[in-house]
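First subunit A sits with subunit B, and in the next complex the same chain sits with subunit C.
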Partner chain A sequence: MLDFIVASLADGLLLGFVYGIAAMGLSLIWGVMDVINLSHGPIMALGMFGIYFAFTHLGLNPYVTLPLVAGGGLLLGVLIYTVAVHRIINAPHLSSLLATFSVNMIIIGLGTAAFTTSPRNVDFSLGSVSLGPITLPWTRVAAALAATLVTGLLYLFLYRTRTGKSIRAVTNNRAAAELMGIPSSRVLALAFGLGTMLAAIAGGLIATFFPFTILAGGTYQLRSFVICVLGGLGNPLGALIGGLLLGALEGIIPAFMETSWVPALEFVLFVIILLVKPSGLLGSKT
Partner chain B sequence: MISKKWALTLGLLMAAALVVAACAPAPTPPPAESAVKTLVIGFTASQTGKYNVSSTRQVNGLSQWMKEVNAAGGIKLGDGTVVKFDSVSYDDESSKDRVQELYTRLATEDSADLLISPYSSGLTAASAVIAEQNGKLMITTGAASDAAYKQGYTLVFQAYTPASRYLTGAVDLLAHLDTSVKKVAFVYESTVFATSVVEAAKVYAEEQGYDIVLFEGYDAETTDFGPFINKILESDAEAILGGGHFQDGSTFARQIHEKDVAVKFFTLLVAPPEPDFAELGDAALGVIGPSQWEPLAAFTPESAKEAGLEWFGPLGDDFVKGYVAAYDEEPSYHSIGGYAAGLILQKAIIDADATDPEAIKAAMDKMDVLTCYGHVKFETGAEAHGLQIGHDMVYVQWQKDDAGNLVKQVVWPLEGATADALYPLP
Partner chain C sequence: MKPFAGTHGKQWRNHGLWLALAITAAVALWPTLAGNKAYAREVTFTILKAVALASSLNILLGYTGYVSFGHIVFFGLGGYVGFYLLSVHSLPLYVAVLAGALSAGLLAFLLGKAILRLRGAYFALATIGVNEAARSFIKNFQPFGGPIGMTLNFKAYQAYGGPSQALWIAYGSMAILTLAVILVSFLIRTSRFGLSLMAIRENEDAAEVMGVVAPNAKTWAYVLSAVFPGMVGVLFFFKNGNIEPGDAFVLHQSIETIVMVMLGGQGTVLGPLLGAAAYQRLRGLLLVSPLFKNIQLTVAGVLLLVIILFVPAGVVGWLRSRFPRLRRVLE
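Moving on to the complex of A and B:
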């Protein structure tokens, strides 16, 4: 039993890193501009397709393509912010929910027309490594390492660069930041772009080990909500920890009951945390 | 002046001509052109969604049959009517909701004369209700669940070997390969089809003395089989049986390989017989799958004679050649499933010598025929009317040929085997 739990926990934690950076994007956008981005899932799916087409049609290594996918995600986010979010940034939450949901539907509609909803598979393998009872595919290890690297870079950016500090300033008090000469509109667009960039990266990493369709992002978007609540809405580092926590739960729960119980228990946990500590286990905004 | 003698001769000749003319049959009018009746076959295809691969091949098979029968001049009935076929179809998006909506449309607005099921047991169950409610005869293909034929339907006929007999041969094969194996894990898609297959196979395996160490279903959308693989490892299972459809099956096989799971025997539903399964590379090696049909299967007029059955339709080789020419790929059993649905309809219309549904239904009830797809015969009792009782499965395994290329081999039953099974799993 112990071997089983250790192996499951290792699997879950590796996945948790990827879930974590997906949720980090959602959390960053919420933290900076109080917008729940409902187009997060489809953008993850676009990240998956980016890796798929580069690998299948151009023969490019997925990890070489990942920076390009990240760049595409960043630009797409800036575009979405400019077109759909900027004008309603100060409107009630329902407006931004509807705006991002519309973007969600547009991406899914266009994606379905262009790619169909047929499953795709990036036939890429790096083999696996065995450590006692644990056998880990290298693609998952690489995804966890990439997720850790991206998290580190994001933190360096937010805490060590002028632009990053501007984002944090706008997060803390947009009006005060504007009075200090920070161009909040540009900062908000960049923050939105960073959030979608993280979604695209997470999607790209997931594509290296799981099959997907244009609709696949929906599942990960739902998980991202649970993770954000676990880790604290608006707290990107909390999102990563929340991702690891969720991954660990997904690994351990099947040790004691049927695997089909996992989503049910995840969402029970989601509701309980919302009721008991609505700001999330790891507190509020940075 | 004409002599009397000449006048008499002329008169006699004229009289004879009149008599002959009077006795000759009345001149017949030019033959009228045979009446052509076009029967519309309605169906949905999963052009999108998770059943896309299998459904597309099923529709390709059906289209090939229709093309061939129309090109051959259609079916000529005793009253001179020539029956030809046309089709109307929609994309069901691999969704039950869409299937119900679209089959209602096919049966009512499009006035389809005959229906062919969509691919998969779940979608077929949804469409069969509509066919029965609207009094439309339906051939189901790509759908093996037994359940749909236990609802009291009278117009729904199954082309596939039913799910209850899908994996029992794999249990027999395992017993043949290694009598020391006792621990079997069933990990399967929680769908109508896969659940009915494994429940029947589990009962059969237990009867054969196997210890079922894991019996667990997974959601149809599952992409991470890690938790199941860890459970398989924990259970010390020596053999895995299960799967569901192509996408989940190929993902499951890939992850079993990546995790280097040391099982001896691995059989999955649906995915292994598909040509695309070979794209998994080494992860496909040794994986076994039940198949409704394989190009290697040798059903011929001679084997029909030996079995005391009537032969109908083209030879398997001719079907394969036609399919490869049309679609530039080897047909899978889903392909011939579509083709066989057409053949069954064709045979029933010929036997009925009519196009009204009642006569076709009566002909289907009496059908007992061997085709390039295999034996076709339907249950006629009220408890499971329309259930396929003639057709049997073959089991294929991916092996490597001398050049190191992955090739499918029939490994069970022994009388149809083209190679010894690769055992244990590499």
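Moving on to the complex of A and C:
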């Protein structure tokens, strides 16, 4: 029993890194522009399909394709921002929720027509590694490493480059940033793109170890919300820690009850945190 | 505070109310005059169902300004409870309908107490999870048949004079229910309670300062908007003859209902009615067209996006602001 828990805990923690960067994308967009991106899930699904097609049709290694998927995610995000979000950036939340949701419907509708909803699988394996009772597939370890790398790069970008600093300036106070000559529209578009890029990367990494359909993004999007409130909306590092927490929980829960209860429990956890401490467990400023 | 103390008596002379009721009644009577009665009845049932769902969602989305992404959960839960009473306990239909309403209302009350303390976006996030959580609960809940669901014994229809008669009873009840939703929606809109909801929509803090007890008002709006979908669910699954988790908690239906409300005009009585009817007709046309049948959801998405970006008030709202004289007719 204990062995099982340790093994599934390690498994869950590695998965948590990937959940973490998906949630970080959501959190970044929320922090910078107060928009909850409801098209997050479908973009993750597109990331999965990107890896899938490059692997099955072109035979490319998923880790080689990942930067391309990331680039695609960035461009898609800038496009979504320009078309759907920019006009209503100052409108009440209702508008931005519904606008990003309509993007969700558009992607899911087109995706279902093009790829159908039959499950896909990237048949890719790197073998596995054993440490005592724990046996881990290398793909999980690689995904966790990639997620850590992406987080590190994101922090370098946000804190060490001029563009990154403008993103943080716009987060703090958009009006003041504009007065300092920062082109806020372009910064917002870039921030939205970075958020969707993280979603696409997370999707791509998940594709290397789980089967998926075009609708798979939905559950991961829901998880990203749970993680975001765990870590505090608008706090990227909190999102990573929240991801690890949720991954650990998902590793442990199946030891005690059936896996099909996991979504219900996650939702209950989500509501409890929202009620008790809406600024998040690791709450920063709200 | 008297909840429905509006401008006393005057509301019955409102043209907008009678227009909305007349349109609904005309639509509901169409199958009795149509050539192919059974076909017309099925089409109209779908339209009336959409109208009832959209008008009830409007109480929360349009009047109160809170988005519920999982409103279909009340349709599903009400349907399940009613169906359970119909099939396992062989209770009459009206008891099942009342039980459906009661259970949906109770769930909304409890959920409302819990998650309506959350403002705007946080509430919307929570409702996305409600539907998923309810579906995974029902799938694991054995008395309701778990993942397989339940089927109504064919004999159950005998009590209503045979299956064909039972379908007409379900249809008639649906029509009356839809008229009731429209009436309630209108009464709320013209009442003091409705005014407090709209005050919350415009500015919740200011509304509270003016003496609106926002958590209570929001909870009652949520309950009222949940009761009718619960009843619609019972009628729909009674007509359907079987129920399973995949049919009862279809997330797409929640979203399509939002599109209907936004299309017609959120916060108006006539808007959801016209929006739902128009959307259902459009959907019917798209489903039979070879080009669009696979990307029906995309078309709905584009429609929603265009409305939000360019006509956020919806068709009725746009007409009302463009032609002020129409305000007396388009409530």
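Going forward, the second predicted complex is superposed on the first by the 283 of 286 C-alpha atoms of A that agree within 3 Å, B and C clash if a C-alpha of one lies under 4 Å from a C-alpha of the other, contacts with A are read in each partner's own complex, and residues count from 1 in each chain.
In this section, a residue touches a chain if its C-beta (ideal position, glycine included) is under 8 Å from a C-beta of that chain, and two chains touch if they have at least 3 such contacts.
Just so we're clear, the structure is a prediction, and the values are computed from it rather than from any experiment.
In the superposition on chain A, A:L222 makes contact with subunit C only, not with subunit B.
In the overlay built on the shared chain, the residue A:T163 is in contact with neither subunit B nor subunit C.
Using the contact criterion defined above for the overlaid structures, shared-chain residue A:S8 touches subunit B, although it does not reach subunit C. Residue contacts after overlaying the shared chain place A:N61 against neither subunit B nor subunit C. After overlaying the two complexes on the shared chain, residue contacts for A:N172 are found with neither subunit B nor subunit C. By the touch criterion defined above, A:L98 reaches subunit C but does not reach subunit B.
When both complexes are overlaid on chain A, the residue A:L110 reaches subunit C alone and has no touch with subunit B. Touch criterion met: A:G251 reaches subunit B, while subunit C stays clear of it. Of the two partner chains, neither subunit B nor subunit C is touched by A:N90. On subunit A, the patch touched by subunit B and the patch touched by subunit C overlap at residues 112, 219, 258, 260. Put simply, subunit A touches subunit C in their complex at residues 36, 84, 87-88, 91-95, 97-99, 101-106, 108-110, 112-113, 218-219, 222, 225-226, 229, 258, 260-261, 263-264, 266-268, 270-271, 274-275, 278.
Put simply, subunit A touches subunit B in their complex at residues 1, 3-4, 7-8, 11-12, 15, 112, 116-119, 121, 123, 125, 127-128, 130, 133, 135, 137, 139, 210-213, 216, 219, 250-251, 254, 258-260, 262.
On subunit C, the positions that touch subunit A within their shared complex are 65, 67, 69, 114-115, 117-118, 120-122, 124-126, 128-130, 132-133, 136-137, 139-140, 251, 255, 258, 262, 294-305, 308-309, 312. Residue ranges on subunit B touching subunit A, taken from their complex, read 47-50, 52-53, 93-94, 190, 216-219, 221, 223-224, 226-228, 230-231, 233-234, 247, 250-251, 255, 258-260, 279-281.
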